[in-house]
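Please find one structure pasted underneath; my questions will follow.
A, B, C, D and E are the chain letters, set down in written order, and residue numbers restart from 1 in every chain.
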Amino acid sequence: QGSSGEGMKVWFDSGGPVGGPYNTIVANGAKQAATDLGCELTLVYSDWSPEKMIENFKNGLAMNPDGMVIYGSPGDDAYEPLVREAIDRGIVVTAIDTELPRLQPMFQSKGFGYIGPDGWRQGEDLAKEILRRGDFKEGDRAFVWGLKRLENRGRRARAIIKTLEDAGLKVDYLEISPEVDKDTALGTPIITGYLSSNPDCKLMIMDHGALTSQVGNYLRAAGVKPGEIFAAGFSLSPATASAIEEGYLTLVSEHQPYLLGYLSVLQVVQTKKYGFGGLVVDTGGGFVSAENVDKIAPLAAKGIR
Amino acid sequence: MRCLWESHRRGILVTLGLIGLLVLFAIASPRTFLNPRIYRSFLSTIPVTAILALGMTLLVVVGEMDLSFPSVCAAAAYVFAEAFLATGSGAVAFGLAIASGAIMGWINGLIVVRIGVPSIIATIGTQFFWRGLILLLSDGIALSLASVRGTDIYSLFVGRMAGEIPVQSLWCLAIALGLALLLNRHPFGDSLLFIGDNRKTAAMMGIPVAKVRIKAFILMGVLSAFAGILATLELANWWPTQGEGYMLLVFASVFVGGTSAYGGEGTIYGTLIGAIIIGIIEAGIVSAGLAGFWTRLVHGLIIVVSVSIYATMARRPQDM
Amino acid sequence: MEAMVEMKGIGKSFGSVEALRQVDFRLNPGEVVALLGDNGAGKSTLIKILSGFHSADRGSMMVKGREIDFKAYDVTVARSLGVETVYQERSLGERQPLWRNVFIGRHRLNRWGLIDVKREKMETMELLSSVLGLRGAGLSPDASVETLSGGERQGLAIGRAMHFGADIIVLDEPTTALALSEVGKVLSFIGSIREDGRSCIVISHDLGHVYKVADRFVLMDRGSTVGDYRKGDITPEELMARMIGLNGEVKP
Amino acid sequence: MRCLWESHRRGILVTLGLIGLLVLFAIASPRTFLNPRIYRSFLSTIPVTAILALGMTLLVVVGEMDLSFPSVCAAAAYVFAEAFLATGSGAVAFGLAIASGAIMGWINGLIVVRIGVPSIIATIGTQFFWRGLILLLSDGIALSLASVRGTDIYSLFVGRMAGEIPVQSLWCLAIALGLALLLNRHPFGDSLLFIGDNRKTAAMMGIPVAKVRIKAFILMGVLSAFAGILATLELANWWPTQGEGYMLLVFASVFVGGTSAYGGEGTIYGTLIGAIIIGIIEAGIVSAGLAGFWTRLVHGLIIVVSVSIYATMARRPQDM
Amino acid sequence: MEAMVEMKGIGKSFGSVEALRQVDFRLNPGEVVALLGDNGAGKSTLIKILSGFHSADRGSMMVKGREIDFKAYDVTVARSLGVETVYQERSLGERQPLWRNVFIGRHRLNRWGLIDVKREKMETMELLSSVLGLRGAGLSPDASVETLSGGERQGLAIGRAMHFGADIIVLDEPTTALALSEVGKVLSFIGSIREDGRSCIVISHDLGHVYKVADRFVLMDRGSTVGDYRKGDITPEELMARMIGLNGEVKP
């Protein structure tokens, strides 16, 4: 028996920019699945721009693939007519990373599923885990650096802020500028400035994979010693692993982006072939800290975690 | 005569470039490019960049630049979305959004022309400012305009003519035609050309230089607003990051089209074709089966190679 | 008789450079006045104040009996008062076609408010070849100015001024770079201005040309008017002696 | 004399602008801005933007632009990282990276000067191309250079002098000094100024226009490579989107500094101060306690207001 | 005697415009040749071929006995052969200070290879005020060219050519916009060229000036040389008649 995806064409929106650390891992998972299943994979990039995702989707439809994997970021309303058109034409569509709460039940029987974390819950979980591990009291100052302007992605930051505030912490939220988003080094003086102005800051959360990986450099420049401040963030990368090893970074929440790519392609192919319904998988829940980093770090260097 | 041929030659060359690309893509992926569906998709997405690039062409002709248009787009579209959600009237929302675009363009014009700040830095500043303002007002949360689907304003601007052709492409064509007349056949366009050619000469010949420059910025603001409205309507959704991806595409469209970066010359037709070329490349590469990181590389290669061929063929047979 | 132009005590500085100190100047209807003086004397600066391109720092100016408020005076206003200027710098849009350069700022519009290109091209060719008699190989209404020869450019600039009958015509070095026959045409154009009862200011270093057409000679030196002679009162030789004398005064 | 005062006035004004901002920030957050730590931070990050902006200043003077520098930065840094990981020799890695930067600059120069493609579109094309190529080679995965910390090359370029001052700031100063001499006191800089002022005149006066323009691109390539190496060393990490965030900042630095967008004039000192101004604004705002979406808005406001004040005061007391 | 410049059958077209059809031209050492002709006749185009700015489409050229390969010939090469040109377009960097304009392309360097600014400024001022005798208010080595008066610009362009002693000096309308006394200085400069055994080509429409200094007159019409007269063989009046005659021939 041959591969189950033989001759199939899967269109895959990797979501982020070309070379973005997070979406590259997602794409690596998808590529691996495509190789395993023997199907053809078409990868496109959307720079985290909802408009670009929609534009790409439209052009993708014209290519007539067998299955399409989308990020949910543009939302139900923007996607509805397009997804409907695709499914009417027999194309299997499934979402990753951000849920489409209205479309998913609507088309689940046609194979529309969701693989990925629940942004809100992931943020909430991380905040709770931080509160559990750290020793914080009411009125302590916390710093959150995130991307609220990307609405669905921003839910994670909003959940963190809410959870921390509910616990009585004082939270300073800062929006990541497009410049820092691309070149994390530009964030150094911002952290230095913030910490000089707010020396009572006890907790820093980087709601951004690339910024998480630079925590060590930031804190070093700000003259903070490892362990002085509880620093947490998201996503693993080689630099993140070394920051954990050096002790600057305390806790990293990791929702296994590789699986987003792998499982979604797997599901699309199986649905196309055997007509399964859409899968809903929550990939969140992994935490990396000094205890387990040595096991995971080598995988990060390969772009798997 | 000579100049006529010269200008036609450029138009012909850029058109040949587009045709060449289409043929290339059709050979590489006939399933996609011999099917009308992809063109329908293009006709719904390219008009937004094209309209922005058309406005930018006039600014480049007069010797200016506007880097604030992504934010102006988003801000005007925000006004549109909020006004539509508040009043339910597409006409009111449209009017307010266009007016806000005009005001933002006018502010750019004032800073550049009256105060004398170079346009690049002035519009980087206003870009940050407007983006910040709408983020603040919207709290970074997208607005869903699902209810706009099916209204008059929706079908007027982004409906499908004969169930097939996205109406925005007709609007884009109409704007291109209007701007081509404005630039080449109207005294205002004449003033743009002379100011871009030599501002001192223009002033000496009695052209109201300051007023014309400000008007060019206002026009860009209005067109940005219109483009923002089209994008928002098409997706029935407003996002706080709207417009950010257009920056390079718009400039690429203008200069692929053959407009001179030194001001004083420009072609509306070229920009329109340029926007189409820039708008189809990525889809063409992806459907040809070059995926992932290859897309970027080949994208760059196609731009460089096609413009190089074009530049070589367009070169004048004289020394300078 | 009311003066076409009356300037009193005009002064103008560029930063620390005092280009005009104290200028009094009068232009009567039907009169051709030659403005003479050394290089850098301030002649061009003076006529640029009249044409609305510069505004004076001091002094008063009346044009056709109207007191001028320098704050509200610019090239557009000056033109509407009938002042037409050919600048020494030629002021052509280098990359624009000839026809645009002829009609800049006052296009022939058709009934839809658009430029009547065909007509403008025709008039341009007529102007250059018949009126001025230029016959260079590169002359066509669609050629851009940067391809013109020096004399052709000057012909274009001056032809433009001849084409729109204005009341006060200011010519700064109008015969520069022109060949003999075109010079003749320009000089007879200046003569025709007077005949029509209009007025003209000519700046030129070529006394031979100027003496033929001017009624009065105004001498400038280092930003001030230093002499005013009617044609009948002075011979060309005397005039030349005065001008060279100015120079001598300074460097003994 | 007059011009000297003129040029000094501009320099003085932009310096006053920087001092004004610093005073403002020091009042708003004395704890941060009266403490040397923040300046140490600035001295480690601003040099990268500043070096890029310095190179761009020369290109703008000669009438060109380079939009490919983010990719050139990243590509040269990739060469550096790979070569360092492969050979373990900082010197070899450095040499290869600088050479690759020169080659990429040279290619830009060839496309623009020899083929005649406008620099904006040519460098958009090469920007895509080089980014695509390094992504392809690196598979989009960051490279950790942790082992570079403590090597000679590390302390030479991004070490801390006297344990305090980041060495890259000294490199940046040295480059600025060198380029200032080059632009204002060297025949090469003279050629740049004349070509930017009027390319035809420059050619008529016997300046080898094509060669000089190509050299300016090569210089920009080398400086981009150097900036990329500094950024990579400082973080001991190479990442695939490197350089992309610098685009607007670099242009803002050049034009805040007072260089004319029309070519033929430019100030190295102004660009250096401009880069500092642009580099401190966001940190200043954040330290002042403005968080969330306010930062962007205030950032834009500060740019517009400060450049406007500057432009008003720098305006010449004459008509044109 | 070996010619300084020898051109044979030179032709040059710009696109469809044939600026030069068939030009033969010779310049001997110690000779001043005047190039005369109508506007658009091709005079400037011809000397731009000599100066290396344009390259000819047809024909051959020898400079100082060296056969020129047009592909390898440009302004830099021409300069190194001793050809110094004052173009009709003045070719000044408008936004650059005067001293940079004087020394463009051949700066005075100090021992570190950097420009010796102080010395260049001094020489510039010396050149403009003493040598040419300009005395405008705005004249200083740091002033930028755009603030100069028309005559001052011309003085700058011609002063630059006078400053670096070249063997073959080409002057395209050198006396344009200059006041009387400066014209005298330029004409005596041309005289001095001949005395030094160098050569000069002058283009001018002012027969009065040209007749004084030239040894030979070459007439051009619509891209071809149509006459060549030694000074002794022709009076100024005859020369003028020939030139105007050219014009008449075409339009009867």
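Here, a residue touches a chain if its C-beta (ideal position, glycine included) is under 8 Å from a C-beta of that chain, and two chains touch if they have at least 3 such contacts.
As the structure is a prediction and not an experimental result, all values here were calculated from the model.
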Both-way neighbours, i.e. chains that touch chain D and touch chain A: B
Remotest chain, chain C as reference, centres from CA atoms: A
Between chain E and chain A, distance of the C-alpha-averaged centres to the nearest whole Å: 71
For chain B paired with chain C, centre-to-centre distance based on mean C-alpha positions, whole Å: 43
Multi-chain contact residues (two or more partners), chain D: 1-2, 131-132, 135, 139-140, 200, 203, 248, 292-293, 295-296, 299
Where chain E touches two or more other chains, by residue: 14, 17, 53, 89, 143
Residues of chain A whose C-beta touches two or more other chains: 18-19, 27, 148-149, 175, 178
Chain E-facing residues of chain C, complex: 14, 17-19, 37-42, 44-45, 88-89, 133-139, 143, 147-152, 155, 172-173, 176-183, 205-208, 222-223, 240, 243-244, 247, 250-251
Contact set on chain B toward chain A in their complex: 29, 31-32, 35, 37-38, 40-42, 44-45, 135, 139-142, 144-146, 149, 231, 235-237, 239-242, 244-245, 282-283, 286-287, 289, 291-293, 295-296
Residue ranges of chain B touching chain D (in the complex, touch as defined): 63, 65, 67, 111, 115-122, 124-133, 135-136, 139-140, 200, 203, 248, 251-252, 255-256, 260-262, 292-301, 303-304, 307-308, 311-312, 315, 320
Of chain A, residues touching chain B in the complex: 18-19, 27, 31, 40-45, 47-52, 54-55, 58-64, 74-78, 80-81, 148-151, 154, 175, 178
In the complex, chain D residues that touch chain E: 1-4, 181, 185-187, 190-191, 193-194, 197-198, 200-208, 264-265
